[in-house]
Amino acid sequence: MSYEVKSLNEECGVFGIWGHPDAARVTYFGLHSLQHRGQEGAGIVSNHEGKLNGYRGLGLLSEVFKDDRSLTALNGESAIGHVRYATAGNGSVDNIQPFLFKFYDSSCGLAHNGNLTNAKSLRKELEKDGAIFHSNSDTEILMHLIRRSKKETFIEQLKEGLRTVKGGFAYLLMTETAMIAALDPNAFRPLSIGQMKNGAYVIASETCALEVIGASFIRDVGPGEVIIIDDNGYKVETYTDDTQYSICSMEYIYFARPDSNIAGVNVHTARKNMGKRLAIEAPVEADMVVGVPNSSLSAASGYAEASGIPYEMGLVKNQYIARTFIQPTQELREQGVRMKLSAVRGVVEGKRVVMVDDSIVRGTTSRRIVQLLKDAGAKEVHVRIASPPLKFPCFYGIDIQTRKELIAANHSVSEIEQLITADSLSFLSEQGLIDAIGLNYDAPYSGLCMAYFNGDYPTPLYDYETTYRKSLKDKISFV
Amino acid sequence: MSYEVKSLNEECGVFGIWGHPDAARVTYFGLHSLQHRGQEGAGIVSNHEGKLNGYRGLGLLSEVFKDDRSLTALNGESAIGHVRYATAGNGSVDNIQPFLFKFYDSSCGLAHNGNLTNAKSLRKELEKDGAIFHSNSDTEILMHLIRRSKKETFIEQLKEGLRTVKGGFAYLLMTETAMIAALDPNAFRPLSIGQMKNGAYVIASETCALEVIGASFIRDVGPGEVIIIDDNGYKVETYTDDTQYSICSMEYIYFARPDSNIAGVNVHTARKNMGKRLAIEAPVEADMVVGVPNSSLSAASGYAEASGIPYEMGLVKNQYIARTFIQPTQELREQGVRMKLSAVRGVVEGKRVVMVDDSIVRGTTSRRIVQLLKDAGAKEVHVRIASPPLKFPCFYGIDIQTRKELIAANHSVSEIEQLITADSLSFLSEQGLIDAIGLNYDAPYSGLCMAYFNGDYPTPLYDYETTYRKSLKDKISFV
Amino acid sequence: MSYEVKSLNEECGVFGIWGHPDAARVTYFGLHSLQHRGQEGAGIVSNHEGKLNGYRGLGLLSEVFKDDRSLTALNGESAIGHVRYATAGNGSVDNIQPFLFKFYDSSCGLAHNGNLTNAKSLRKELEKDGAIFHSNSDTEILMHLIRRSKKETFIEQLKEGLRTVKGGFAYLLMTETAMIAALDPNAFRPLSIGQMKNGAYVIASETCALEVIGASFIRDVGPGEVIIIDDNGYKVETYTDDTQYSICSMEYIYFARPDSNIAGVNVHTARKNMGKRLAIEAPVEADMVVGVPNSSLSAASGYAEASGIPYEMGLVKNQYIARTFIQPTQELREQGVRMKLSAVRGVVEGKRVVMVDDSIVRGTTSRRIVQLLKDAGAKEVHVRIASPPLKFPCFYGIDIQTRKELIAANHSVSEIEQLITADSLSFLSEQGLIDAIGLNYDAPYSGLCMAYFNGDYPTPLYDYETTYRKSLKDKISFV
Amino acid sequence: MSYEVKSLNEECGVFGIWGHPDAARVTYFGLHSLQHRGQEGAGIVSNHEGKLNGYRGLGLLSEVFKDDRSLTALNGESAIGHVRYATAGNGSVDNIQPFLFKFYDSSCGLAHNGNLTNAKSLRKELEKDGAIFHSNSDTEILMHLIRRSKKETFIEQLKEGLRTVKGGFAYLLMTETAMIAALDPNAFRPLSIGQMKNGAYVIASETCALEVIGASFIRDVGPGEVIIIDDNGYKVETYTDDTQYSICSMEYIYFARPDSNIAGVNVHTARKNMGKRLAIEAPVEADMVVGVPNSSLSAASGYAEASGIPYEMGLVKNQYIARTFIQPTQELREQGVRMKLSAVRGVVEGKRVVMVDDSIVRGTTSRRIVQLLKDAGAKEVHVRIASPPLKFPCFYGIDIQTRKELIAANHSVSEIEQLITADSLSFLSEQGLIDAIGLNYDAPYSGLCMAYFNGDYPTPLYDYETTYRKSLKDKISFV
């Protein structure tokens, strides 16, 4: 329906609260601040004294919960919620979370952010044993594992399940008596715990959701941890000791909101630092620095500050949704593109512009923006990317599953420079990125996952192994 | 439906094109870039070889033209369009423009941006003489004047009408054989002419609409001018010689898009200059400059550049629409507020912040943002407003018609400082504003209208005279 | 969107009430029982102590007033409402009634059922004099005449207007202090007065609306009458003495609900009598009588009773709306037709069927139904039409404005018999129809309008004279 | 949302086709003719060369398939579809059928009409063994049984499942290579096979669906039968020999469309015969016979024919949907009732009326209709019910699961007569009903299920046994 400025997609966002009289409404507020993590669908499961109710639908949160009645119906003191990102094709409400399971002996809500690497084989195994799945999502698998476990308690059954699934995952469960969160052994995906003034505990994919509801930050969930929250407070347990930090670096670069902190590092600050480092690594003589709105504004201001070149608003994003109909002519299509992003002639005309962007995926967007700037009279356009070249797919929760989509997988920097018609092009170095973020975990890359840049995956790839091997031979043709 | 960051409203935007095979689609693109000027409703009237068709509806452009069919039905080589701003109460489709009049002998489309100061008395006079009005808007009046004129040609009838109506207006008409634009004798409202590569002439409220459709700028429409565009090209005529430039300064400060130029001055650049001048007029020792998104980012970056204090993203605006349901408790209401705008704790905590905003209307929003920043740990919040205090109503097309809404009308700067709980507060001076914009017309205030700041109205007020006199005695109580 | 069983359309229905605490809701109930008179749009104007409010929209009543809020907003003790029928092309909300006019000195609501024969010339005259019309409908004309009248009182201005307009009309007006109804000098269109138990007076197009709201019938409005209802009760005045009853016979045959009485004659009973008379005029040897649902069931049962042939349900109408998409093949199109109407194989197989229908317009529907019955195994299908052949257009409020649409205008009965593939075909005679209805006004045809059958129009045709003369030469080709 | 004339609800309708280029569209037509069997939701699963696609949604068929695209997407040569009836509370799309199961090794669509009597215990057993259910419906159970079966072929697995489930059921399955239908051992629910001219085989709940799509009837599906349709034609197998005909008599009385045949008996004819027999069993001196529209018109015409009393249209049903808002006063509520059904004063005034209805459930509707007739002036109202008194719940697919809803369960005929304020009341006898339908299977009641009348259930009640025993002690209080 609309021209996407960026074709990277996050897998989802989760939010939960235990112990608030308006749990579903607070969850609505929390999810709203996580909407950037998923726009395909949204849902909430509430818990009123052990009785679970759910509501979910396709579209933005504000479309799913169009009137107050749907929220009012979700009464209860606790709730979990989920926003899901858009993929083509499987846009069925069956896949919208949280799932609400009603058994003869109990009920359970389940939400998930991430991607399992052994989902396909686990599913096949379970189906051979009579299991029936009702969605395409990986999420359901965990519940089948729990229900088939011979362990005695729910927590033990859950831990057994968590040891069986592989990949990147942040689970949030609502049972009749507790809210439970669990993170993968690498902490690929972010997940934090907070507390409201009334004592209610909160779990959220990003800390911006804590701020929005006025909760204070307690701690991040660590790799291999299970957090159990009930009327007695919160308890931290682990399901495995075989852990190692590999926090998704793309969360810092592009996905997370600038007002979130991940592992104690503010995202805006990290981005500004990337821009500063980039100014040192790849200086250029120019009249102004321009950021691609909105995700690159922090990096651009960092570049400007470190380089001493003034920061200007050379690109303007239209805040209103553009419906791009099928356009009969190429000329109209080009105009459709400009509905989303405009270059400011009055600013860039006759000027040498440093255009700062956070990353390059296919390169088509970069080329279009360079063109917009030149059409508006920019004399030179120097593209500076505040992250290293994206060359490898991700299997832990970001929607790049083939190298075909990645221009840097098959082209050198100077080839890309030409393809996007830039006067010069530079990327941030890997070490520059690591330093700019500034984690210091005792783990490779200071605790970051850098796999999309260098192919160094921190875990086995299981079901994706073959796909990945094949993808190394993919050639992309740049259009 | 939602918490408004700013309660100032523009009266509308107009766009027209003559001589393009996809006139209605191009008009759609143009209007989309003017959507910030009005969100209540939108419409397009197209002209196919003298046959006029129209479509209009309530809501955003993308809601009114939900599918391609409505645009396809508007066939023709010429079209005019309109976006209308939202006011409470009269949200009827009857008021959505362009109006399309079908007479036994001809048809005519009519769109309007502005506000007439003698509408009420003209309407009463016309009704006494048997006229029937079908909308609440002033716009219809011009057509009644035209139809009742004894002049011989349509252009003469129109000019007579234009001499009769008073106030701020930018009219756009589509007759069967021409597209006609007309501007008030003070050029209160902006209006520009452009041309596409295929030769089609374009009229638009702001030049950003020209950029979006790839048209080049020809000239601004001047005060008292009538522009007649037909298959022979464009012609400039005048309906009065009694003209004087009084361009609305709020267009530069708040309304217009940063990528537009008005009277040759780029709006972003003007705003940045306001910020720079403000840094000189009202310096303060601080750790960072933070702009209120999105309208104050230019001024904030100017302040940062001139003061040498780093510019940081201390406030984040959620790009997704927040539906704020009726909230049962004050606590939930407060959270609802944060859904639109968040302070970035990781950036502002423990810091002295200069918060730059473009203007203060009621003051309630400023107080809330100061509070957001303090809640997120800001040590000091120094508010700097990049325009002079708003003290007087506007009768030329901006929706401030009573002084009751204006905190500065009844409070001194130091009182406002206290009311919004700022550590310090300063406004830009009137001369600072005039210099920052930098017009140099031979007219008071170099050709700007400064009436909202100093009550110096460039024209008689007609029907509003009494209201205005009364309003001078209004007291507002700050809540 | 859907296969229409009958292509005759009524012009509208009106309903009004004066003096009920829930006037708008009662009007909703009343209009719902008149929905068969118009499905394109609906509206209500209410009057609360002199303050008029209106709401109108496209679609069925239940779609326009989707939630209770729209009705609740229409507060007041009095209200008038309107349902409008669907015509192609001018489906704009501008044409939906009641119109609500707001003048500087007063307000007025106006609704209309009927068709003016001098609308075009009146409109042209008024426009030449500076009047501006905002809808395509004739209705607005009356208000222009009132506002331009030099008479002293509103009632005198109205009467002058009523003497100026020509044709078939039933007007309903809501002023700030009274509800006023007026009927044309021939009483073409039905209009009745009733009273609720609480004393509230009611005006409605059909008496079924009185029954639905529990009102008792007082009297029909007579030709040339103006009914003025206010807080002092109701008053009958006249605006002309030049009157003559010419009640639309198609109201009895097809349009009106069977539970309505017109001029004291029950519609179901009239239809049953038509069927009885038809059985006498056109007997046939057969096994069963089958009516075309729903409008022909009364006539069919009359035919069965008079002939002694058993009445059977040989045709079933699906009560659910059928959406007939564009069908790729002829086979699928045929199936689409059957979605609306099915022949009952278990009933008609091997049988000789008398198929009774109320009228034949184009003949295509009749042919299809004959075919349905034969496909289901009927041995013979004898078509009996309970009215005379339709040969001439109507200009008083029924949507047949050209003879091209009428199969009987250009084909003899035996030709039609062949065209619709019936084994035999007979129509009711004109005298049979008059006797079956049984009016006894001292006027031609006992007070009925029979013009569509015999071209004997009871008034001059004014603007339609030329069209009509031309139409007499029209040839239709039956498809 | 609306006042229901009858509170009996059918459980669903199914339709399937194998071997037609537009399978989904034909299924749409078929389902449309079965819409009376369920209005809560609808869905279609299509099969294109072994690839299954599905679409389902809440609401009427025309709402679910609002545009042609949803049907076009369901490409393939075969399809099954389902319409589901409305119950309060569980209106989730999760329960809308056909279910589409996608396994690692195959896909399967499943639709169901009926009710299982051992669903609860089967579900509990399966869940204990690790099964996860995703809907509230019984339907899913069969698929779990199939997937857990140790039998070798799909057909053998299915047959084992069919022997495990108990109650009334008509299943329709779409595998990648075949369409399969199965009926319960008592043939409670109707199911027929037909064939289109192009050779395509069709399965439908009622024969009216065959007529609509132009298919010829082949045979009814018998008790205990499995029908397998694939590219080689159709094959009849059985999964049990322990069968006995107990066809639901309420299908003849109320549910089925009059143009359907069940077990070779036309439904309209059966109803007419019930009316004739009723006239003999319960004669009364009166002026007219009036049927309650629409379901009782056949019986009423039978009563009229046998008694010689004229059949009149004394009650009229409004064909337009009535939205009954929450009405502030009792007076308005009463008017709301009349929006659906009106008595015809012009017909019944001063007359002795025989009001024929098909059945009485709670009695409230009967009382209201008697009142409507008396309000319209009927001198006497003699109620004649064309079926025996409903005294017992149904567990095989009709929505009467408690005796509390049944007035005849706790009141004698003369008590009911008084409660509904009738001048006299009679029911058809059980033998009268059996004779009127005229089946002659070698089974109790000639092959009909008469359990709702006499409590003689043809099978054990399994999970319902306890509920049923308790319900025998229920007392209803008539309101």
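Order of writing sets the chain letters: A, B, C and D. Residues in each chain are counted from 1.
Methods note: a residue touches a chain if its C-beta (ideal position, glycine included) is under 8 Å from a C-beta of that chain, and two chains touch if they have at least 3 such contacts.
Being a predicted model, the structure only gives us computed values, none of them experimental.
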At minimum, the number of touching-chain hops separating subunit A from subunit C is 2
Greatest centre-to-centre gap (Cα means) from subunit D is with chain B
Dist(centroid_CA(subunit A), centroid_CA(subunit B)) in Å evaluates to 37
Between subunit B and subunit D, the Cα-mean centres are separated in Å by 61
Taking each chain's mean CA coordinate, subunit A and subunit D are separated, in whole Å, by 49
Residue ranges of subunit A touching at least 2 other chains are none
Contact graph of the chains (line, ring, star, complete, other): ring
Here the pairs of chains that touch are A-B, A-D, B-C, C-D
Subunit C contacts subunit B in the complex at 93-94, 101-105, 123-124, 127-128, 130-134, 136, 140, 143-144, 147-148
Per the touch rule, the subunit A residues reaching subunit B in their complex are 22, 25-26, 29, 32-33, 35-36, 60-62, 65-68, 71, 207-208, 211-214, 257-261, 265-269, 272, 294, 297-298, 301, 305, 310-313, 316, 318-323, 325-329, 331-332, 334-336, 338-339, 342-347, 375-376
